[in-house]
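See the structures that follow.
Okay, so subunit A shows up in both of these, paired with subunit B first and subunit C after.
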Partner chain A sequence: MSTVPASLPEAGRVRSWVDFYLTSMRTQISSQFQYRAAAYMYLLGMVAEPVIYLVVWTTIAEDSGGTVGGLTAGDLAAYYIVWTFVRNMNLVFTPFGWEWRIRDGELSGWLLRPLHPIHYDIAGFAGSKIPWLLFYLPIAVVLTLVFDPTFDVRAAEIAVFAVAIWGAYLIRSFNQGALGLVCFWTTRVSALFSLYIMVELLLSGRLVPMTLMPDWVQTLAWFLPFQWTFFFPIETLVGDYSNTELLRGLGMQVFWILVGIAIFSLVWRHAVRHYTAVNN
Partner chain B sequence: MQTLRVALLHLRVGVMTDLQYRVNFALQVLQSLLALATGLVVFSLVYAHTTELNGWSQNELLVVLGVQIVMGGVIRAVVQPNMMRFTEEVRDGKLDHALTKPVDAQMLVSVRQVEVWQAVDLLTGAGVIVVALIRLDGGVGPLDVLGFVTALAVGALLLYCFWMLLATLAFWIVNMWHLPELFEGVFQTGRWPIGIYPPWLRFSVTFLVPIAFAVTVPAEALTSRLDWETLVLAIGFACVFFAFTRWFWRFGLSRYTGASA
Partner chain C sequence: MAEPVVHVRDLRKTFDVPEREAGLRHAAKGLVRRKKREVKAVDGISFDVASGEIVGFLGPNGAGKTTTLKMLSGLLYVTTGDARVLGHVPSKREREYLRRMALIMGNRNQLQWDLPALDSFELNRSIYRVPRRQFMETRDELIELLDVEDLVRKPVRQLSLGERMKVEIIGSLLHRPQVVFLDEPTIGLDVTMQRRLREFVAAYRQRHDATIMLTSHYMADVEALCERVIVIHHGRILFDGDLAALSETVAAWKTIGVALENGSVGDLSAYGEVIHRDGDLVTLRVPKAETARVTARLLAEQDVLDLNVEDPPIEDVIELVFAREAPE
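Entry: the complex of A and B
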């Protein structure tokens, strides 16, 4: 089965791509607005996680004289509130989706389309961010009122944050996409995915600000993709990075996006040969 | 009596179906251990920065973790699969099949599906509790164990009711896919002593979402923190909560119109 997208006439090509992405995003926006209750179920479940971390670490900070690892209750609140925003943005198509696509033979249809399936995932999830952020805003307001975060933000930091959340989105899209491709070889993948989530939880800043981790973990995390999807975007707003550090972070994100694309394409080429339709 | 027999029969068939897939056992063990490892790493991180969290030492909190794992296993093995199947059937109009049977419909939709390997977490959780109790070396009396078992049963009933309440919303809300995420997120609050949460949240996870009764109370029984008033309150609350769930189920059901059958 051919996996190379049919080539378009050169002149219309860029326009077709832009058109495809915009249309997919628009479709997702309308469809997500239909399921508001579902969105709030997900959002409330999602917000529980950082609120628990926040409460635990605030308790520790208060018990040990106001700070833990140099962070005050206000700093922690700021960190975990921005966390919720970043989490909204770096949510991507789950690797379990690949299991379902492959096991049910759903993929056969996808392979017949002129574009690689991952474009549909990236465009669709990018589109759904917009209604989700709108649904999320009231939650952010409530969290801010309840936990009283301390912010000190520069214009450059906001600008970098606006870019970094999309960088985080793309890194995770390709990483989790590549992980999902394992389903071409076996569909018993839940343990592997759990392992991935565990590593990500510990090395990304999702669990705690990396500064609360032991030094060797921080060093290790710097050389891995995970912290560029949570800790870095959060810290652009919450921490005080210099302009150099901000740019270096964006550079790391670009690097990991490229690595992600490379791994994904490489694995895809081998993986798709293993595919035999079961259904459909 | 007949209701009970039907329930047990359904559970047995469910268990037998699942037992055919034995590799899943090994995978579930692996996954259970991974989840436990994550929890332990989080604990060691917390206790690297403090010696007591809201008056709970690391080993005492380990008991809470064990209870939470046990409860999670019960939920994922017998409650969640049934509830998700039920919400899907409401959407597809297939609930007719359950409603036309000559037994209680709420009971029937609660026992048809079992994911037996998820029960591995019962063993993992029990292991954690035992290790924690040995390290605590406090001595657990027969009364403590009695209180623990009672609190555990009450907790399981409360969590079932909570799931049932949420699932009954399917009569109004079409898309219920994210229900497990909602439950899982809120359920994680049970991993920590209830006392650390601000008052509004403590109230929510005690009475709105009965996590505190389900996890903290059994753990208190084993660490000799439980007073009998709390246990009696938990039992009383469970009765009221169950009655409310039952009423809400009937209320929701009256809105059901089969879509396809």
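Entry: the complex of A and C
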């Protein structure tokens, strides 16, 4: 038996990655199909949040003579219907998951495998979106019939939207992954994560469209990652962006993905040294 | 001489463990200043394991066995010292290394809970980049060896502990690791299942020329599989050598089991220490050097129906090793 360090076969490396991502997504889809009732209940919970925002803002718009901040009830309906879709697409493995994974020792299994766990999280959550979307489509039809949204969409916007929802997914994956790594030091991350969610609610367009926020908040948000995970993908469909603005938005997403990868990698290198492999 | 597969020199691992007294006052004090105690889990151990060897790692709870295996598998960083496995430094967790080894722990669940194990095997195939043909061969071979054809098609959550352990082991060996660290693989399993797993481990080692390090609280595992044992206590190695030599070195006595004619049992304390008595069956403990003489005397002086001389049970020997070390 050779004790000389072995090298991975170079040939087929890209194919191996594709194989892993597809296999992992398939596994996750199969897992999701095991719990149909839970998936439906989850979706109902997820739809409740935008419906509440929608009812509130529609009422305000009607009381303000038909618009609020220049947005009609139809615009707001379009915003929150796309919001629901984007929200589903940018769901990621949360810091709570990291907390459980570290405290329970489940991470040990992943550290023993020749693949960083973030790949499994990204692939797994990407796979789980497919059944969620299948469940969501009938709900979207009902929301459209009830709230009568105003859509005026160009082909370029649809194309950018299709890319932007994955950009949003990756930004959130790395941001929340880096936050989750704090558990290597503290074991509990819920307080920090709550703070993160609060900031995200205000600066991402998740709570209200960014155009309804004060100018200085909009300016601040432009320089932070949050709005590129909600507001930008939503606006690619419901807003009136020029092609330049669309490309600039994608560029910002790439920038924040790279920043996220850099921060996550840096923290990981230090964090994993603190792992004590308790429970397992 | 061939390079050892596992090479460990003066390996140490210390943990900073927070501790405090019970009660609200101490909990509040802990908010300001946390007291920590340094615990030496592994305290300067050295050993080598050659290719194809199967070594039993023995010790009581908290001795440092699992910590050592975790360092060798790259789960834990070493505090000081040198550890190399297959030429790799485990804590670097190089993919090339992780593809050539496995750490199997009796209480861990790595399979997808809601899906049949076959789906998890497929996921492992993609993670370890096992060529499909090799994967199919290995999977079918392991399924056959452990006789789990029916189990791998059931959702994992519906399997019993023993059944799950068997499919867990298959999942961990699909990439044909050259080095396998087994931590309490038979924990919680019934006797039949334990024996089955022991046979499996032996067969895997033989078929794939694997190097295996094993910890177990069941001496039957160690006796059945390991020619060499390393006894560890308080993070230090107390013995490293042949299992048979351990008994020779540490235990200065043998046991003589005697079955006597019905009703003829009298006081046998003149022959040695009577450690067990059940009707006409008596077990004596006698000094090793005296064994032949005592046996001859028993046969000459008593109505002996049956007699056997044995080394002391390995559990007793191990206990003796621990008892010899001054408590900390």
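Quick note on the criterion: the second predicted complex is superposed on the first by the 273 of 280 C-alpha atoms of A that agree within 3 Å, B and C clash if a C-alpha of one lies under 4 Å from a C-alpha of the other, contacts with A are read in each partner's own complex, and residues count from 1 in each chain.
Here is the rule we use: a residue touches a chain if its C-beta (ideal position, glycine included) is under 8 Å from a C-beta of that chain, and two chains touch if they have at least 3 such contacts.
This structure is a prediction, so every number in the text was calculated from the model and none was measured.
Visitor: Counting only touches as set out at the top, which of subunit B and subunit C does A:Arg273 meet: first, second, both, neither?
Guide: In the superposition, A:Arg273 touches subunit C alone.
Visitor: So, A:Met46: does it touch subunit B (first), subunit C (second), both, or neither?
Guide: After superposition on chain A, A:Met46 lies in contact with subunit B alone.
Visitor: Is A:Asp19 touching the first partner subunit B, the second partner subunit C, both, or neither of them?
Guide: second
Visitor: Just to be sure I read the superposition right, which of the two partners does A:Ser242 touch: subunit B = first, subunit C = second, or both, or neither?
Guide: Neither partner.
Visitor: Kindly classify A:Arg113 by the partners it touches after superposition: subunit B alone (first), subunit C alone (second), both, or neither?
Guide: second
Visitor: On the A-aligned overlay, A:Tyr35 touches which partner chain: subunit B = first, subunit C = second, or both, or neither?
Guide: both
Visitor: Residues of subunit A that sit at the subunit B interface in one complex and at the subunit C interface in the other, please.
Guide: In subunit A, residues 35 are touched by subunit B and also by subunit C.
Visitor: Please output the residues of subunit C touching subunit A within their complex, sorted ascending.
Guide: Subunit C residues touching subunit A: 3-5, 15, 51-52, 70, 73-77, 86-88, 93-100, 102-103, 105, 107-108, 110, 112, 114-115, 119-120, 122-123, 125-129, 155, 178, 209, 211.
Visitor: Provide the residue numbers of subunit A that touch subunit B in the complex, in ascending order.
Guide: On the subunit A side, the touching residues are 35, 37-39, 41-42, 44-49, 51-52, 55-56, 59-60, 63-64, 68-69, 146, 188, 190-191, 194-195, 198, 201-202, 207-208, 212-214.
Visitor: Residue numbers of subunit A touching subunit C in their complex, please.
Guide: 1-9, 12, 16, 19-20, 22-24, 27, 30-31, 34-35, 105, 108-109, 111-115, 272-273, 275-277, 280
Visitor: Where on subunit B does subunit A make contact in their complex?
Guide: 23-24, 27, 30-31, 34-35, 37-38, 41-42, 45-46, 48-50, 52-54, 169, 173-179, 181-186, 188-189, 191-192, 196-198, 201
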